[in-house]
Each structure stands twice: as C-alpha cells, then as structure tokens.
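Presented sequentially are two complexes of chain A, the first with chain B as partner and the second with chain C.
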Partner chain A sequence: MSPIPVPPKRVLLYTAPIIVLLFVLPFVVPPYEVTQLSYGLIFAIAALGFNLLLGYTGLLSFGHSAYFGMGAYGVAFMVKYLKITSMEALIVGGIVAATAVAALFGFLCVRYTRIFFSILALALSQVLWSLAFKFFWVTGGTDGLRVPTPSLLGVGMAPGQDKMAFLAHRYYYYVLVIFLVGVAVMWVIVHSPFGKALQAIRDNETRAEFVGVQVRRYRYMAFLVSGVYTGLAGALWVPLNGLTTPDILHWTFSGEIVFFTVLGGFQTFAGPIVGAVVFNYLKTFAVGYTVYWQMFLGGVLVVLVLALPGGIVGTAGRLVDRFRKAA
Partner chain B sequence: MDTFLIHLLNSLLYASVLFLIAGGLSLIYGVMRIVNLAHGNLYAVGAYTTAWAVGRVLGGAPTLVLYALLPVGAVAAAALGAVLEPTLLRPLYKRAEEYQLLITFGLLLVLEDRIRVVWGPYPLAASALFEGPGSFAIGESIYPTYNLAVITVGGLAAAGLWAFVYKTKFGVILRATSQNMRMASALGVNVNRVYVQAFTLGCFMAGLGGAIIVPQQGAVLGMGVDALILAFVVVVIGGLGSLEGALLGALMVGVVREFGIAFFPEIELAVLYFMAAVVLLIRPAGLFGRT
Partner chain C sequence: MGEVSRRDFLNSLGVTVGAAVAASAGAVGSVVGPSKAEAQVRGTIPDKPYKIGHMTFFTGAAAVLGEPSYKGHILAAEEINAQGGLLGKRKIETFKADEAAGTDANVKEMRRMKLSEGIDLFTGVISSGNTPALGPVAEELKLLTIFVDGCTDFLFDKAVPNPHYIFRITNMQSADGVIAAVATAMTWPKVSKIAHIHPDYSYGRNAFDHFKIAIEKLVPGTKVVYEGWPKLGTTDFTSHITNAIAAKPDLLASSVWGGDYIAMYKQGLRYDLFKKMKFTSMIAFGVAPHAIGKDHPEGVIGGIHSNYYWNYPPAGKWPLNDIFVKKYFDRWKEYPNFQSEGAYTTLYLLKQSIEKANKLIGGWPDDEAIITLLEGASIAGPAGYLHIRADIHQGYKDAVTGFSVNSPDYPFQILDPKRMITIPIRNITAPPGWPKGEPTSTYTWIEKTWPKVTKA
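Entry: the complex of A and B
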C-alpha cells in the first residue's frame, strides 16, 4: 500500500487564497452571482469526472449527459415517488442511479477506443434521452419533474425563508464543501498508482499492457469513477435548478461538458474546473445577450480548437513559462 | 396486407433518406477518417434551401420548374462542404482525432443558429411538390405518389454511388486514398483535392436527402441533430466507412423505425440503439466494417 499522495507546498500555497475567497464570496457579491457560481462549481464536478476519461485515460465521451441526467432524474424520482427530502439520501440515490447506468454503458463502451468509443457513448446516452422523452407519465416528458428545496444535514428551509437566499447561502456552502472534497479526492486518484496507470494507457496502450496493466479493467474503473462524479454533479444540480427536463439527457449537453473541459484545458488538472466556471458565465452572458448564443459558443469552440488547444489553463501556463524565461 | 405494404413502403422511404445521410457520413469517414458531427446540419441546409427556393418561385410557376428546383438544396450543401473542408478541417488532419470531433461540434452549433438567422425560427414547407403528383390506391387505402419518387431517388443514389466508387477512375483514386493516404500521395494523388471532393460529395448526398424529403416533412429547426443521431445508428450497425454497410444499416433502421412507430412507439428509439449495441458486441466494426 503506497502512501496517499500529498500536494506539494507550492500548490497548496496557490489554492489556499482561492478557497478562502470562495468561502467569503456570498458576503460580498449579490445572491444571483452566488447561485451562478454554484452552477459553475457543480459543472466543475462533472467536468472533473469527465476529464478523468479524456485527459487521463484518453477517451472522449460524447455521452456524459447520461450520468448527469441519471443523477438528476434519480433525485427527482426519489422526491416524487418516495417523498424523500434529505439531501444526503438524495445524493446517495442519485449516485447509485448514475453508477448503475455507467456500469452497464461502460461495460459496452470500454471495448472500444477513439472515435468508436465516442459514438457508442453518444448513442447509448440517447437511449436514456428517448426514454425520458417518451415515458412522459413517469418522467413528465418535456415538462420535466419539479424538485423542491431539500433539507441539508437534516435542517430544512425555514418557513417563510426566501428560496433565493437559501440557495445563495446554505446551499452554496453545501455545494462548495462537496466540491472541495471532490477535487481533493480526484487529485489523490490521478496521482495514485491507479491514475498513473491510466496515463500510461493513454500514452501507449500496447506498452501499458506489456508492463502488466489490465487495460480494459482500468478503463472500466475510470469510467465508473467518472460516472460517479458526473452523477453527483447531476444530483446537486437538480435542487438548484428546481426542475429536471430531458434536455440534460440529450447529447448536446454532453457536448457542453466536453466544451467546459476543452475551454479550461484538458491536459491540466485545474483546467476542467476553470473551464466549467467560465463556461457557465459565458453561456449565461451569451443567452442573455443574443438568441443566437449557440453560434457564439460554437465560434468560441472553433477558435479554441484551431488556435488555443491548451485551453485557458494550458495557455496561461505557457505564457507564465515564457515570462519566466524572459525574466 | 395493405397496411403491411404501406408500412413497407414507408420503411423504404425512411431508408432512402437515411442512406443518403449516413452514406455521406460514412464516405467522408472512409476517406478522411473524420466523423463529421455537423453532417446532420448539412442535411438541414439542403432541406431549407430547397423549401426556400420553392417558396420563392411558387407564384404560378409550372410544376415541372418546381421539380427542377429540388437539387438546389443538394448543391447548396455541397458548396458549403467545399468551403468548410479546406478552411476548418484541413488544419486539423495532423492533430488528434478528438480535436476533429470538437471542431465539427463547434460547427454544428454555428450552423444550427446560422439556419435560424437565415430562414427564421418557423418551419418552412414545400408541400406543393408533395401534393402535385397526387396519390394512388393500395387496396382500401391511398398512398402519396411522391413517396415513391423519394424511394426511387434513394435507390438511384445508391446505385449511382456504387458505380461511381467502383467503376470510375475517380472511384479508384478515392478508394486508394482511403486505404493508404501516404501511399496514394506518393503515387502522385493530390490528397488535398481528393479530400475536398470526397467531403463535397458526402455533403451533396446529405443535402440531397434533405431536398427530397422536405416536400413531405417540411424543414424545422433541430432536424439536423435528430437526423445525425439516426445516421450514427446506421453507420454503427453497418460499419463506419462502408457504403454497403450504410445501405444495409439504413434498410434495417428504416424497417425497425417504421414498424416500431406503428407497434411500440415508446421504445422505438431504444430498440434501435439496442440493435446497434448488439451488433457492436457481436461484430465490433459493424456488419461491413474493416477492423
């Protein structure tokens, strides 16, 4: 058993101020901005899970909406049919639902790599979308399912309390803590021997197999972990949004998860986090500014791929390096 | 029996359009090793262009002129493809496959809105063409004659494409490039040109699919994305890069879809994907794919 990897002091030094800032923020900025940030952090959890596959294992999934959606619909079903209000129970249920689907889909998908993996993941996720869309008497169809605010750690929303204030304060901290734990766990995962094995598979599958890595099994495990993270994100997202619709199961939402990650930079650990938060602001801005927001986002993606494949974090890192060399 | 015949004809109708879309997708993949996520949007461009052209000249023009306008959509899609390949895709051939998927996803988003900018958010119809030829009787029921025209075009396209790929000199060059791009290049094939031509041809087929179906179904936003997903099922079943596979896959999907909508509408799509998953488990490269 190898010791749990600890981040170097330098990394902790950089991240400490950011964490403090995240905790202070609700006292400084208006509630609307705080809920936007909550969305960003939740998407960041999904993107972290997604990037374990793309950045560390070299598998581009165009079907992660399935696990996000299962997390969300799992929660919505528990609220609707089992009348559960405890957020902790809902999260567990959402993760179980997402993991079950990831276990099934992953079993099929990890037999393939490259473009075939992407297409199969996409096709399978569309099955769930079509079911959510067609079985409207269970799923509410395009109307979706409403989810009221749950109780956090056994404490519900006070009677007469403003929902916005609840979401912008207590729910934000709830999400923030889960987010930080999720980031820490993912950091440990990617720096563990397991994470190193995934990177070996990404860089050279044949060699990895020769040194004794069970390639398909490791890919499957990475797929499951990825599903857990994305499902967790979906479960956290529903109470914030108040509603879940088949849109989040559609493959274009998978495309958005891919987009976050590429925007931030998938070759870095922090890239997906930055990308998700920035993308959320970018999309909110674009949707508010023009009906043609898809064109704007698509244009951004094209420019990113052609000119800045390192994404925000990768490009910033390169600039810092160049600056250091010059100095 | 009559209902069965009608279902069968409808299956062929679906299959014809699906083959045009999936065949183009597969052709592009076979030659260039690119999966074009924006392929469905080119189909939509074909549909919108034809509907728009028909709408423009409708006032009293003889029906024959209107039918002559059908290919306009295919030409528009082909022209768009001829511009897109050299500008957006060519810089990416040397990069990882992921980037190629990503850029076509960006293109999908752009084209989706581009269609909305040009033709507005409301559906366009070209139903005059659909109603023109009238209908004929199958037993107790009647069936639109136009549907037969679509099936004919689908069949002709399949035959024409086969002849093009296997019986012409260009087809030889195309297949050589597909098998070994470097070797073909070393033997004097202008690979860049072959790529543009293959991409344009694939887009032409998608546009033709949109153009011939628009009189029957109309053009709506989002039609491209829906079509893309079905085309994926087709190529997964048939084998990515294989035209024979696209034909067989289109027929299978057409039949299952038509009978699915008639008998088990809730799980019609799920059955299609289930079919695709089973094929992948048994024959990973699809029924006609090369491993």
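Entry: the complex of A and C
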C-alpha cells in the first residue's frame, strides 16, 4: 500500500528472481527445510487473506483460526467419512466448509467495527473450537483426526515411497503453485476498484459511504474472500501436518495469524507473506532450542510493537528510502 | 456363570497387598551393574555420539509430572556415559523439547530432530493426546522411538496397530481405571453412588470407561451420579467440586493429574470434599512426590498411573529400587516419580538390546537388529520386571496403586508401602490375539470375560 503505486513491470522484475529461487530450492536444501518452507507458504496464504481485512479494510479479526480450522477439518471429515483421496476435491471441500462458516460469522461480525468486531470474531471462533473439542466421537477430540497422504492431480504416492520425499518435492511444488496463484489473485483484488473501495472504507467510513460505497456489503465481501484464503490454507496444511487437532481452532492460533501479519508489516502487500514464513522459522527454532520459547516469542512481539511497528517489510522499505535519499 | 464371590474373583486376579514382589521371569538383564556383554564388545564401534531426542513437559501445569522424565533420562545417560557410552564408545547426547508447545508443534519438532539434528532415538512424551499423533510420524520417518508415557490404548489399538519403529515403556492406560476399580472394590465394597471428575481428553475418558466397566463387574448396582469434564490445564475446579458434592456420592473417582490435580485437591479441602465421600484417583501420586503436601487427605486411593512409586518395592526388598532412588536423590535432591523410572529404564533397555545385538552380529547394530531385540525383551528395572510385548511393542509390568499416608520421615505425603496393591498386568489387560475392540480391546475383554460378582 505504498502511496505511489508500483508499476506491474517493476513488481515482476523484483519478484521473478524470488520465484525462480523458490522453484530450485528443493534441489539445493535438505528436505526438512523444504517442508518448513511449505508450512511458511501455507501460513502466508492465510495471512494474505487475513490482511485483506486488517491492512486493507481496517478490521482486526481475532477469529481467523475458525476458517483455517474449518478448511482443515473439512478435509479431515471428507477423508474420514467419504474416503476421498483426491487433493483437488479435498481443497474444494475445505474451501466450501470455510466459506460457509465465514458467510455466517461474517454476516454477524461486519455489523460492528473496532474492538467489537474483534471480540465477536474471537467469540464465534471459540464456539467452533469447543465443538471440535467436546464432540470427540465425531472430531476425535484432542486426539484430532489423521489425514493420510492424498493423491495430487490423480497421482498418489508410489507404494514404498518415502513420505518426507513426497512432502519435500511433489507436495511442495503443489503448494508453491497454489501460493503463487493466490498471491497474484490477491494482488489483482487489492488493486481493483473493489480493493480501492475497501481502502476508502478503512481510511474514512463516513466519506466512503458518501461517495456511494456500500460499506457493510463491501466489508462482507472482503470477509468472505478472507475466509476463502484462510480456508484454502487450512486445507493445504492438513496433509503436510498429517493430522488436525482443536489447537488450530483455538483463539491462540488466531493470535499467531495476527502475529504473522504484524511481524511482516500489515501496511504492505508482501508483509504478511514475509511475516508468515519468518514466524514459522522463528517458532520452530524457539521450540527446538529453548524451553523458554513462549518468553522468546513474547519478547519478539514486544520489540516489534515498540520499535518496528512497520514490521519487517515496512522497516526494510523505510531503510531503503533513507538510503536512497542519502545517496 | 453361577455364583461368583468377589473374594474368589479378586484371588483369581492375583491381587496382592503389602510388601510382596511378584516373582516372574527367568534370565533377564537389569538396569544396574556392568552387564556381561560389556566386557567383550565385538567389532569396531564408531565413537560418534548417539543422539537422543527427549520430549516432555518443561512448562505449564504438566511440568510437575513431566520434568522428572527428563531427570530420569539424564541420570541414566550420565551413568552410561561414565562407562564410556553405549558399547563403551558412543556417548549419549540428549536434545530436549517442550511438549507444551502443542501437538502440531510436537509433530514438527519430531521431524526437525530426525531430519535436521539427525537423532538416532526419540523418547519421552507424557500426554495421551500426543503419542497417537507422533507414533505414525515416527513410523513415516523410520525413527526408532521408545515412548516413556502417553500410554493411551488407542496408540496400538488403532493409530499404529502394527508398530515397527515405535515402542512404549509404561503400562497401558486401561490398567489405571481397572486397578482403581479393583482397589475401590476391595476397600469400600459398599459404595454405590459414584461421582467422576476427569480431564476432558482421551486419558480422562479412558480412565472413566475402564473404571466403570470394572466396577460394574466387581460391585454390581453402582451408578454414576455425576460426571465432570474439566479441560486439561484447568486450575479452577470449584464448580466441579460443588456439583460433585451436591450429587451426594459415596465415592469420587478422578484421573485429574499433574498441576491440575494439585489445584483440585487444594480446592477440594476448602469444601471438605474428602470428608464427604471416599476418594479414588488413578494418578494423583504420579506427580513429582514432593508436590503432594501433608494437607492432602490420608487413606485415599492415590493412583500412580498403575506404574511405580518410589518407596515400592520397599527398601531392602528389591535392590534395584534402593539403588535407583538413592542415585536419583543424590543427583536431583528429590525423589523420582513413575516418569523418572520409565525414562531411566528406557535407556537401560536400549543399552541391553544394543549389547545383545553386538554380541550376535558384532559392530554397531543397525536399527533392525535393535528392534528385533527390543521385541519380547525383558529387563529388571527399579519398579520390577518389565516385559516388552512383541506384537504391539507395549511395555508391561505389574500394575500398582496405593493409599496415602503422612509419615514423619518425609516433608510430603507418601503412599503407604505396607498397603500397596499389586496385580499382575496380564490379568487386567487384553491378551495377544484378542480382537481390537471399541473403545479399547481391554474394555471388550473385561466386558466379555469377567464375571459379575454376585456376593461378597
């Protein structure tokens, strides 16, 4: 959301090397690092969806775990009860489940703004969490539901193939392509008249209404799109993780989605993407190296809010600007 | 089935009370003393460290139960390393991880340990919510794993019915509910109205199911008058306590554990809970022993996850326990719990299997050789004889529980070593070949094969 729109050619120039790098990565880094990046990219899809609400529409949702979780549980239910193995069908099912919930919750939430919106979104997501938690004969309770390796584009895992090799290669590319399409579509959305209207609502609701923007309707649309993205992320996440538990429906996971976005910088398009990837590494690192991982992540959040409110991307952008002016 | 008296049936279960140590097993290795194999290591052994990932609760309310697991593990690792390491060459290097990070993070962490740190063995894990998630991942990673706890029947009943790489040391969870019911039937055979408070996840439901099915056989006519299901990690039990009291039960049965249980019994005292009803727990004394204060009610059945309490087998009866408790106390300035014993025995079981494999094939044995020797292995540990069932890779030892008592010798409440109840595990668990059942194989086995007692 830089004040001067970046011409599309420049964007491609900047992003092309990154895309190439993402494609060659599985050939240079060990499988473990590749699966970590898959997690990061999947979280990035969720964060992009989340930021359409926070960064572009000015609504802070503390309940996005609901849509991520619905995507994940949607997939798990289809595997468990319908015995579906096609990943494409599972993704469609996951998105439908997440969107249905987003349609209902969004209908209630967009009537409010600021803290009321945030708390209502949180409360509603907690309802889903407690359902997943209490109805253990359906949802597996805290044991969760296991999801075996699905088939991608009709091709399943070869018998005897190593699961990690599958996750680090075929599944990674699968996620990467969906991620890139997702980013491109989101880019189009935020630069479309619809995206501009959302930003107008964010900046001044009253004025937006005066120029003819149907505020509540636009917010609802943004909420739905956001739900679709987060649900897609949830659906992609389950096969990678191997199982889904109520943890991802809990509000603390919503907090992590907020954390991704703040870490990367919610005032930029790329911020949530960078934040999600970095946060995933940060948490894995912290959990692996210290039992004080919660304190460590808390410390990062405090520093972020106090010293770097622009997040990683915002701060980097500021530094680049300063460097240019000095030169 | 005709008339069955409770006394006869309990006798047939082989229940013993007091300081007996059940005799069993022939030639087995033990956790202390240089083993015979050690003197004659065959072939060349590489001297690179043997890396072990140990996951347990280091933070949160569960740490009071979980951290002793790490201490037991470290004690064994230090002892083995002092002798030069495994086969005298490979020093044990431990990587620790906090189980409190949540199931999904634990799955990631197990992958990281294997693929990034290159661990040779994964061990630890407390929560029954985690082993069904981690077990299949360990199989995928082809990672040799010996879980210390997380002992849900579900793991080998359903999640991984044909394990290859994963094993588990502590007793199967269903034993908790069953031995609690047996102890209750022996001690208070007149109870009829029973209230339950259990943590709302797989362990709590497992304890509830097995207590219920066993008590219905042993004390026919009991009924459940209250069920409370607090979430794991809850610290406020007042509503459950007052509701349980309001139901006017004869007995409260509970599988609340760790820091949660400490909070529950302290709050229970404020409501005179333990004066208003009898109390049976599956796992109250499973925490680090010093966590149970002297204000804890005496004479209640204070379960230990049917595994081990540090003063039993009692001093002088079973040298392995005397030695273990002393070493543990000298090292950590506290007494061990069943997790410490499990984690400690895990490493000695590994050591025994590696040494046997070396004796057979020479050099450093690969995982397949170690697995073959772990299957069906027996070892004498601090708690008694431990057997690893070959078909489901599950550890079995005699199930135990006991009664709380204050002793002037200790600044905390203990279990009375003179009143410990021991049952051979084979008499309360589904045997090999029993079809997988719902909710567990042991449940259907008890349901179908135990008689309903008809008189005292």
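Assume the second predicted complex is superposed on the first by the 320 of 327 C-alpha atoms of A that agree within 3 Å, B and C clash if a C-alpha of one lies under 4 Å from a C-alpha of the other, contacts with A are read in each partner's own complex, and residues count from 1 in each chain.
The definition used in the following text is that a contact is a pair of C-beta atoms (placed from the backbone, for glycine too) under 8 Å apart; a residue touches a chain by one contact, two chains touch by 3 or more.
The model shown is predicted, which means the values in this text are computed figures rather than measured ones.
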TODO: Superpose on chain A as described above, then tell me if chain B and chain C fit or clash.
DONE: clash
TODO: Tell me which partner A:Lys134 touches in the superposition: chain B (first), chain C (second), both or neither.
DONE: both
Open item on the list: In the overlaid three-chain picture, which partner chain does A:Val287 touch, first (chain B) or second (chain C), both, or neither?
Closed with: second
TODO: Mind working out whether A:Thr315 is in touch with chain B, chain C, both or neither, as first, second, both or neither?
DONE: neither
Task: Partner contacting more residues of chain A (chain B vs chain C) - done: B
- [ ] For A:Leu108, decide between first (touching chain B), second (touching chain C), both and neither.
- [x] first
TODO: Could you say whether A:Gln267 touches chain B, chain C, both of them, or neither, answering first, second, both or neither?
DONE: neither
TODO: State whether A:Gly242 touches chain B only (first), chain C only (second), both chains, or neither.
DONE: second
Open item on the list: Contact-wise, after the overlay, does A:Leu301 reach chain B, chain C, both or neither (first, second, both, neither)?
Closed with: first
- [ ] Pick one for A:Gly255: touches chain B only (first), chain C only (second), both, or neither.
- [x] first
Open item on the list: A:Thr15 in the overlay: touching chain B, chain C, both, or neither? Say first, second, both or neither.
Closed with: neither
Open item on the list: Under the contact rule defined above, give the chain A residues that sit at the interface with chain B and also at the interface with chain C.
Closed with: 134, 291, 293-294
Open item on the list: Which stretch or stretches of chain C touch chain A in the complex?
Closed with: 58-59, 96-98, 101-105, 107-109, 111-113, 115-116, 129, 132-133, 136-137, 140-141, 154, 159, 200-202, 205, 231-232
Task: Complex contacts: residues of chain A adjacent to chain B - done: 54, 60, 62, 108, 111-112, 114-116, 118-120, 122-124, 126-127, 130-131, 134-135, 251-252, 255, 258-259, 262, 291-295, 297-302, 304-306, 309
Task: Of all residues in chain B, those that touch chain A in their complex - done: 35, 88, 91-92, 95, 97-99, 101-103, 105-114, 116-117, 225, 229, 232-233, 235-236, 240, 265-270, 273-274, 276-277, 280-281, 284
- [ ] Please give the residue numbers of chain A that touch chain C in the complex, ascending.
- [x] 30-33, 35, 39, 133-134, 136, 141-144, 146, 163-164, 241-243, 245, 247-248, 283-284, 287-288, 291, 293-294
